[in-house]
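Take a look at these structures.
One chain, chain A, appears in both complexes that follow, with chain B as partner in the first and chain C in the second.
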Partner chain A sequence: MNSSVATEVVRALKLAVFRRDASGRLRLHPPVPDWLTALWPAAAAAGESAHGVSPFLDNFLIDAAVYWESGSGPGVGSGPWLETDGRGGEHHLQGRALTSGRHALLLVEELGPAFDERRGILQKAHEVALDYERLQRAEQALAEEKRLLEQRVQDRTAELSRANLDLKSEVATRQRYAEQLRALSLRLVEVQEAERQFLARELHDEIGQLLTGLKLSLEIFLRSAPATGAPSCLEVLEVLDELMQRVRQLSLDLRPHLLDDFGLVPALEWHFKRFFKQTGIRVHFRHAARQTPVSPQLTTAIFRVVQEALTNVARHARVPEATVRLWTAGDWLGAQIEDHGRGFDPEAALAAHASSGLFGMKERAELLGGQFTLDSAPGSGTRLTVEVPVAGTLSVPAALHTQEDSP
Partner chain B sequence: MITIVLAEDHHIVRQGLRLLLEAEPGFRLVGEAADGLEAVRLVETLHPNVLVLDLMIPRLHGLDVTRQVRRQCPETHVVILSMHADEPYVMEALRNGATGYVLKDATGADLVHAVKDAMAGRRYLSPALAERALSSYVERPGESELDVYETLTNRERLVLQLAAEGHSSPEIAKQLFISTRTVETHRANFMRKLSLHSQTELVRFAIRKGILSP
Partner chain C sequence: MTPIQKKVCLVGAVSVGKTSLVNRYVHSLFSEKYLVTIGVKIDAKTLRVGDVGLRLLLWDLAGDDDFQRLNASYLRGSAGYVLVADGSRGHTLDAALDIQSRVASAVGPIPFVLALNKSDLRDQWDVDGRALAELAARGWLIRHTSAKLGTGVQEVFEDLARLLLAPASTPPGPP
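Right after this comes the complex of A and B.
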């Protein structure tokens, strides 16, 4: 190799080259790099041996000596180390023991910027590693968060399904209550009706009979009474007549006995006559010629609905007449009350809940599994239709016996 | 002399009636019964001219008593005593063979009349009843038969119209903003009321009614 070229290369690489002489000393070979002058000024000036300038290097030289002695292999490296010069400058160095031909050489290189760069890379790597750790920790935290969230969702779901179960049982309970209420309402209507029936009969048969007996006795007494007592006795008779009339009306108001004795059609006809007398409203009654016998319960319900609806006609419709229709179709009994009066908004009236009439009719029909339809509009009259199934126990109304009875 | 059996369950009323009938010259009370069965038995053994009978008597209804008496002792006339002034009661009593019908709150003179008329085979009703029968005859407007179409509700009429025009239930449902099931319910309702069983019958009905032009 051209010696000057080699020198230039050594200079450019900022290498310090030591050659080992026969006595084992390591002597500095020019050119001397600047870093060495700064670091070990004494060694640089005197071309002194590499021994004794740096404890790290000394340590390495022990290994290097072993290598040189054996004289084989590609050489050994020291690995990088750090020295600080007298002015506080830092020098990253790396040594390598070589053999070149017969010469044993020690090269010491200043790693300089290249090393810094590597360190930078290492630093980066380290930071990346740190970041990775952070990332991992974050991920873990996230996973934990997710797990907690899932737990919460699970808890909430359990809560919800518990609530759902509660709700379901609540609904069932309410349904049961509704059914009980329905049964109770039905029972209430029945009890009320039975009570009315009892009172009507009691008034009519018992009290009425007593008054009749009283009247008869008075009449007989009058025949043989002294003339002086007669006028006041006649007065008493008048009062008695009045009383009997009142009792009869009261009984009929409670429940018309025709309903129990003859059924719906005669009872309705009777009612229409009475209604006409009381209100001046004529009722046109249209009904199919034949009526299938229905239970007293249904008979009563239909009678009450017609009664209530006609009361409404008298109170609200402002008409001189109304039509009532009664029919059976299949297993259904229907009644309809129609007037061509003022009319009204049925939805508003039913929603208002302020009145009991319409609502009572609707409830009565629905309790019996029937339908209640209200067709009305302001200015165009009212048509109220009630239809109830005749199903279930069909008992013939307690009508009076007829001639068909067997002897 | 008119022989009479009195059947009345109310003690006080019976007592009053007894006094009344006994006080009447030419009347002779031959027996008293407190229930229907006893009344029939007494009539069969005593064969009175007249049975004065409470309509609402226990153990065999007054109407049954009347029927049995008329069948077994045709010579005994029945005068009914009743609290009820309503036509169906009177009609039933007369149909079952009673000759007279007297209201309990009428005067005693009324009953005496009735017994005398019955004896002569004449029908007798308390004056109040006779008036009532007349007025009810006058009052009764010319009752016409039920037109079943009129019993339909508004909704049913609407559905009928559309169905007769040939619309399907889902089409009708869409038009009326109700469910197909509700349409079917309305349809079943009016078909039942009108006793219609097929679309053909429905169309024929609608044409007859003038709902649909032929």
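Right after this comes the complex of A and C.
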């Protein structure tokens, strides 16, 4: 190549060419590019050594020296680096150590448009990589969040199903308790009734018989010896009569034997008569001519309800009369006690929990699988209705927990 | 008195803030815009450690990745280095560990400080505290830095400067 053409090429490429002399110094070969003058004016002026002007170049020259000593291969490159000149101008440079014939050459070029393009691509590549990284992180964060959410849903579901199981067993337990309570209540009523029956019998049959015997003996004694101590004996007889009367009453209060011996209707009729005598309240009794025979348990329950309801009439209603109805409809036995007295607020009375009468009636009815209805309002009388299944005595399979809801 | 001059490299994964740390430390500048470093840029900063003047030649190297691998010949003659990781990108700490072992095998056990940069991005913090504790237990010097706010930056270079001036803790071995 013509040497002036070579010079033009070197100038156009903004190339600084150094040649190593025998002493190992690097001599700058003209033309001197502008960037070199701007960066290292002293070196440019001296036209020699590239040593000491740039730490980067100094470091590269160690690799270059190794290469030049070995004297083989296509040369070594420094890779790009950046220098800033005295006026703040930036110069991207790149060095290359070569051998050409016998000459050891160092070429340093200022990187031009081709490098800018490479830089742009690299910049873009990095930005894309970083964007991708960001995206991946966001995706991971989302996946993690999703996993956590799923875990939470799973935990919650497990918790709920556990709670559901707990609830089911709780319901079952309560149901069992309710059944036990019901059985116990029934048993209590039975025992109470049996006790009353026993006491009534004892009073009537044993004590009554003894008293009757005593009275007879006393009368015989009086007849045989009328003169002796007559006044006090007559007094004793009077007390004895009174005592017999009381025992009889007590026996009847406890349990009218009519109930056991003749059934519900005669027992009720007898009770109404006695009630009238005690309270002056007349009871109108409406009932079918023929009664279906029912269990003693049922008979007792109905009798007790009517008894209690009439006691309430006497105590609270302030009326001269009341009506009691007794009927059977299908398999149901019904009784109703009605008065046109003062009336009251049933809900308030039941909520007050202050009394046991209404509760007792309600409980008796429900224990037998029946219904208890109370119609009353202040000033408009009271109607109390009890309906129990005839078949339903001890075992009532109806769902127990609905008892609370039934009227 | 002319200060002692030491070469210090900044190494780490791409875009962790090596250039930003140097710019903050040397020029008190910071830019949000990311300009990828290609090759090498060298800056100098003189500081005092006690009554010793020290001139640090800061070699800001391109981030190590598939596009540009860490060039071992650039490390030659280093007295120490700043290993940089981005606290908001946890994997750059793993990369830093890998780079550290490569640097150590190229230049030997010279002093270094780990800068966990971008400490201002607290809400995106992504480094495993246990891994850090383990490194600290290994004797690593770790600094949280923010080139953006300037926090911890001067300290990183001062820490390293002290290490550079401290007498070598390892025996020099046979001549």
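Going forward, the second predicted complex is superposed on the first by the 237 of 407 C-alpha atoms of A that agree within 3 Å, B and C clash if a C-alpha of one lies under 4 Å from a C-alpha of the other, contacts with A are read in each partner's own complex, and residues count from 1 in each chain.
Criterion: a contact is a pair of C-beta atoms (placed from the backbone, for glycine too) under 8 Å apart; a residue touches a chain by one contact, two chains touch by 3 or more.
Because the structure is a prediction, the values reported are computed rather than measured.
Engineer: Does chain C touch more residues of chain A than chain B does, or is it the other way round?
Structural biologist: Residues of chain A touched, chain B against chain C: more for B.
Engineer: Where does A:G79 make contact in the superposed view: on chain B (first), on chain C (second), on both, or on neither?
Structural biologist: In the superposition, A:G79 touches chain C alone.
Engineer: Looking at A:H316, would you say it contacts chain B, chain C, both, or neither? Reply first, second, both or neither.
Structural biologist: It touches nothing on chain B or chain C.
Engineer: Looking at the overlay, does A:R96 come into contact with chain B only (first), chain C only (second), both, or neither?
Structural biologist: neither
Engineer: Could you look at A:A329 and tell me whether it touches chain B, chain C, both or neither (first, second, both, neither)?
Structural biologist: In the superposition, A:A329 contacts chain B only.
Engineer: Return first, second, both or neither, reflecting whether A:F56 touches chain B, chain C, both chains, or no partner chain.
Structural biologist: Second partner only, chain C.
Engineer: Could you tell me if A:E133 is touching chain B, chain C, both of them or neither one (first, second, both, neither)?
Structural biologist: second
Engineer: Considering only touches as defined above, state whether A:R27 meets chain B (first), chain C (second), both or neither.
Structural biologist: neither
Engineer: Quick check on the complex: what are the chain C residues that touch chain A?
Structural biologist: These residues of chain C touch chain A: 7, 14-15, 34-36, 38-42, 57, 63, 65, 67-68, 71, 73-74, 76-77, 89, 126.
Engineer: Would you mind writing out the residues of chain B in touch with chain A in their complex?
Structural biologist: So the residues of chain B touching chain A come out as 10-13, 15-17, 19-20, 23, 56, 61, 63-64, 67, 71, 83-84, 86-89, 92, 95-96, 104-105, 107-108, 136, 139, 141, 143-148, 150-151, 153-155, 189, 192-193, 195.
Engineer: Which stretch or stretches of chain A touch chain B in the complex?
Structural biologist: 204-205, 208-217, 219-220, 223, 241, 244-245, 248, 257-258, 261-262, 266, 270, 273, 276, 282, 284-289, 325-327, 329-330, 332, 334, 336, 338, 373, 375, 383, 385, 387, 400-403, 405, 407
Engineer: Could you please specify the touching residues of chain A with respect to chain C in the complex?
Structural biologist: 54-56, 59-60, 62-63, 79-82, 92, 94, 118-119, 122-123, 125-127, 129-130, 133, 137
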